[in-house]
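Pasting the structures in now, so scroll down.
Shared between the two complexes below is subunit A, which has subunit B as its partner in the first and subunit C in the second.
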Partner chain A sequence: MSAETETPTSEIDQGEAGPTRQFLRQFSENRIAIFGLGLLGFLLLLTLLADIIAPYSATEQNYDAVLVGPSLDHPMGTDELGRDLFSRILFGYRIIFTITITGVLAAFVTGTLLGLTAGYYGSWLDEGLMRGVDILMSFPSLILALALIAAIGPSQWGIALVLGIAYTPIFARVARSESVSLSNETFIRSLEIRGVSTPRILVAHMFPNILGPLIVTVTLQLAFGILTTATLSFLGVGVQPPTPSLGLMLADGKDLITTAWWMSIFPGIAIMLPVIAFNTIGDGLRDTFDPKQVNN
Partner chain B sequence: MQWYEYFLKRVLLFVPIMWGVSVFVFLIVHLVPGSPAVTMLGVQATPELVEEIERDLGLHRPLPIQYVEWITGVLQGDLGHSYSNRRPVAGILAERFWISLQLVLMTMPVAFMFAIPLGIAAALKKHTRVDYASMGIGVIGVSIPTFFSAVLLMAVFAVWLGWLPVSGYVSPREDLVESIRHMILPVMSMALVAIAVMMRMMRSSMLDTIGEEYVRFLKAKGMSRRTIMLGHALKNSFIPVITIMGLQFGYMLSGAVVIEEIFAIPGLGRTILQAVLQRDYPLVQGSVLLIALWFAVVNLVTDLAVAYLDPRIMEDDA
Partner chain C sequence: MARLSVNELSVTYRTEGGDLTAVDNVSFDVLDNEIFGIVGESGCGKSTLGDTFLQLLDENGHISGGSITYDGTNLAALSEKELAENVRGSEISMIFQDPNASLDPVYTVGQQLIETITKHLNLDRSAARERAIKILDDVGIPDPGDRIDDYPHSFSGGQLQRIVIAIALSCEPGLLIADEPTTGLDVSIQAQILDLLNDLAGSHETSIILITHNLGVVAEVCDRVGVMYAGNMVEIAPVEPLFESPEHPYTRALLESIPERHGIKEGLTVIPGHPPDLRHPPDGCRYNPRCPDAREVCQRIHPDNREVPGTAHSHRAACVKHTGFDLGYDDSVPLDRGDDTQATPRTDGGDR
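On to the complex of A and B.
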């Protein structure tokens, strides 16, 4: 990521590539992961440009075009209120990406801080924090999410918060196990002797060294997060109408599946695409970061 | 470390964890902004009703005392009173737990039957069409939302072909054949994720085993590939798969929330969802506690079984 990019010196020609470059080369050999990355880029582009691409508004009802099948006017058909499904899916992506990314990033930040601290200090702090993590991990995450929603009530930002809480233990575990072994490394010990402050050691020296496994976890949790967000909305405890939500769209569609198959099929596929993208990228990153696990 | 030491360590750790879980579940009600009684009653909230519920839940007393009273009741099997069902929570859960258990117990062998042969085939025919097909099933299986696959299966087999009932539940004691017919679609939808996960695990575990020293030794000794694979490698490949099966067994209760809602099965998953929607806090607490207990027990049993089969695992954990 640093200065070595685009410098046509002989150094690079000799194949003395930096770790970043080496990593990129290995990753780019994984064709499935590259496919996932392309798919994700495409979906994010659609989401960002939703205002321009979407032919209709996401919420406007049109009673002259109720339950119209896929056609040139409405590429994915319309729902029982005459709303254009393609436009609703585009804006639905915006909502689901915002919720999931917020939640997973929140979990990433808190979980990593907790795990780093626990692993670095060890002893009672480690014990205490990790037993707390064990307690949160005693619930399947959807059940934990439902329990928290029971307390705070169903809402869009509620889900982001719930994902943040439910996924924190996972990041804490990953960060902790990496940080335990790292804190015994000589270079960390020498920083301590030189009197570098603990927050600085944690953030500036330990954190960059455990980033690899954490990025893998972020990617895979994003896949999970999209599924959970959609599931909670499908169950009626997530995004509330009339906000366009992929999960809710499928919930509406399932009762009309005999008359309007497009109302279920398109939102369903729309949910699967980003999940497939995140899963394949995550698998690819894991194989690249940890070649020992690859069985090829 | 001996297995019985590991057993003791894990069981001793189980107690404080479950205590923490109970505190968390207890606090759910107290995380509610404002009075839970007002939230539960919604528009029907009158000062008299609010006071009645607050008295009923003991909300006016200090938190630690409330907790002690609650947990004493829980340990004696008294989980409070459900407001939406007007019945004791323990009775409701006892009934519905068996329905969810039936669903999970029927799903597990189905998942096993598909996942294990597919995983073995993918490992033995690495980098062939079989392997790539299994990879495809794997990615789709973990990426498809359970509610989407359930709706698709329902549309095809129940609505379109009309082979199976659309939804509902029949107790096996009432009519065994009808009970199974009603369970086929829910079981298939639930099995899909488990198949994907277990199959991939079986494949990579089998490949790991094939790479091990003793397998190469057997090969050098001149033993046939078939005998090595089925007689030696297969047995050892199962150990990581057992861990995944245990996890899936626990996770299926999350899946049950969606499946039971779609197929209208009155199990634990549907109960928790309705309790959340109706803000029936005693029922939420009871069902979440029961699911956490189930999840923890299944994981504990799995870990103990795996440690028994592969004692090396105990060393990593020590």
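On to the complex of A and C.
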């Protein structure tokens, strides 16, 4: 063990860089994750600039160009109403990203709050909250989503709400298990002993310490959220026409797949890309947060 | 003057096998600016006692009797909320064994110091920061002005324990409870931390309760010592008389168990037997099944600690052997321990 008066070492230099910079350095070494991040950035850019990039309106019908294959005029072809698929996919991204991100963030906030509180207080509060979460979790999330949509009716914010409810248990579980082990840490006990208030301990000390696994869960749930949103649309209970929806486009295309393959292939790829992006980012984050790899 | 006065305190845990009285009828005072050591082997109730002052007992534990008087207030009667508002951190602080786990890894040490200071003292951020730097300097952190913005992981274990002590003392508490503060540290750093505690007790007008199993630590810094055995405070005395002329057979046995440098080949001296199951404590003195001096009366009488007559200093012991008791202890009648298996003195490693 080193003496008290140790001279500054490289370890200390790293310390001065702060944990954030160290984290970024480690994450940036993960090429697949960086690829995912790049892909996601590209997709989000397309989404934000949809008004500029899209050559046509998402809903404008053109009966002179029905079921046209990919061409210079229509890079991804047109559908049975002559709508430009490329434009519809761009605007479809806007819808699906809005729904998924809102829903997952809602689940993140409520789930984390529930799990953090349950794990910190323990005893009957933990039992009560987590049994409720177990009940929610015992329904497959798609079935739960279908049932909830049947109750509140299909709409963009309705689906976001449904995602929020369906994914809350996952965040509650992760937050709870992390916070149970964290609340037994000496430094949390020390904070109690210093008279720091419980809300402050929960928000300012527990939350940042369990953020790592939660962020990983957020990215992975975003991937699932894209899929669930698309699935709901595919089943016809998602975003309603004529609003462009990737799932609905896929459903429209499947009847014409022998004559107009582009109507299925391009929306399918469009759904796949953000899922891949979120998954690779999530995996990269998980590798970076893994304490066993911290010093590699 | 007594800063803290513990009176007939008992702490009971509810367990599946019945109630367990981990601290049984314990009384002692901690004087102004003194370091009071509490020693005993694992499970003797010393850490439970330490947790009781700030009501940090596990859910199944509660104060089943007695009082803890600090500054005219009975801490045992306060609600958790009143404790958090008025006592914890500001009047009584506590530090633990593992300094690496005692600080939040996501904040700089400065942020954590300032959090505590602004919570309890009416200071703005820049004044709090100045105070934080001064305290870091007090506890011997070099370049406190720079290092205040470093994260805990960039400090060594000994430095971290200094910082933990700095945080504990940042609001000038009247009492610091230190539960095994040097156990995880190597010997030279242990000595530095103990010196630091010793200095700070004087300069910050803080009394310290030092909980430890290490008699060497006690000898180093404590003014007075309480020896605990099976939930009882069996002896209380100033350090020197305790080490020179222990009155309780358990204290004597503890002192004889300290490994000596030249005694390696002879093996360690151990106390035969093992501590009793506190759910079913033995009748009479709790130490009697292991005590070489036990006589018939020891199986009947459970003595509280009493002043030992003829000592210049206050020296209390809970053994009927000393003349403060007149209960018929007869050295000449050896004890017939019958079939009690615990009574057979063992020469091996005790509970191993």
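Side notes on the structure shown:
Please note the rule applied: the second predicted complex is superposed on the first by the 273 of 296 C-alpha atoms of A that agree within 3 Å, B and C clash if a C-alpha of one lies under 4 Å from a C-alpha of the other, contacts with A are read in each partner's own complex, and residues count from 1 in each chain.
Methods note: a contact is a pair of C-beta atoms (placed from the backbone, for glycine too) under 8 Å apart; a residue touches a chain by one contact, two chains touch by 3 or more.
Predicted, not measured: the structure shown is a model, and the values here were computed from it.
In the superposition on chain A, A:208 makes contact with subunit C only, while subunit B stays out of contact range.
After overlaying the two complexes on the shared chain, residue contacts for A:223 are found with subunit B alone; subunit C is out of touch. Of the two partner chains, subunit C is the only one that A:123 touches; subunit B does not reach it. After overlaying the two complexes on the shared chain, residue contacts for A:150 are found with subunit B alone; subunit C is out of touch. In the superposition on chain A, A:193 makes contact with subunit C only, while subunit B stays out of contact range. In the superposition on chain A, contact is made by A:185 with subunit C only, not with subunit B. Taking subunit B and subunit C in turn and counting the residues of subunit A each one touches, the greater count comes from B.
When the two structures are aligned on the shared chain, A:134 is found in touch with subunit B, with no touch to subunit C. Judged by the document's definition of touching, no subunit A residue lies at the interface with subunit B and also at the interface with subunit C.
The residues of subunit A lying in touch with subunit B in their complex are 131-132, 134-136, 138-143, 146-153, 223, 227, 230-231, 234-237, 247, 250-251, 253-254, 257-258, 261, 264, 268, 271-272, 275-276, 279-280, 293, 295.
Taken together, the subunit C residues at the contact with subunit A in this complex read 54, 56, 59, 84-85, 87-90, 93-98, 101-107, 115-116, 119-120, 140, 142, 150-151, 153-154, 156-159, 164, 167-168, 186, 188-189, 192. Contacts from subunit B toward subunit A in the complex involve residues 16-18, 20-21, 24-25, 28-29, 31-33, 39, 126, 139-140, 142-148, 151-152, 154-155, 159-160, 204, 207-208, 211, 250-251, 253-254, 257-258, 261-262, 272-273, 275-277, 279, 281, 284, 288, 291-292, 295-296. Residues of subunit A touching subunit C in their complex: 1-6, 11-12, 14-16, 18-19, 123, 185-187, 189-197, 205, 208-209.
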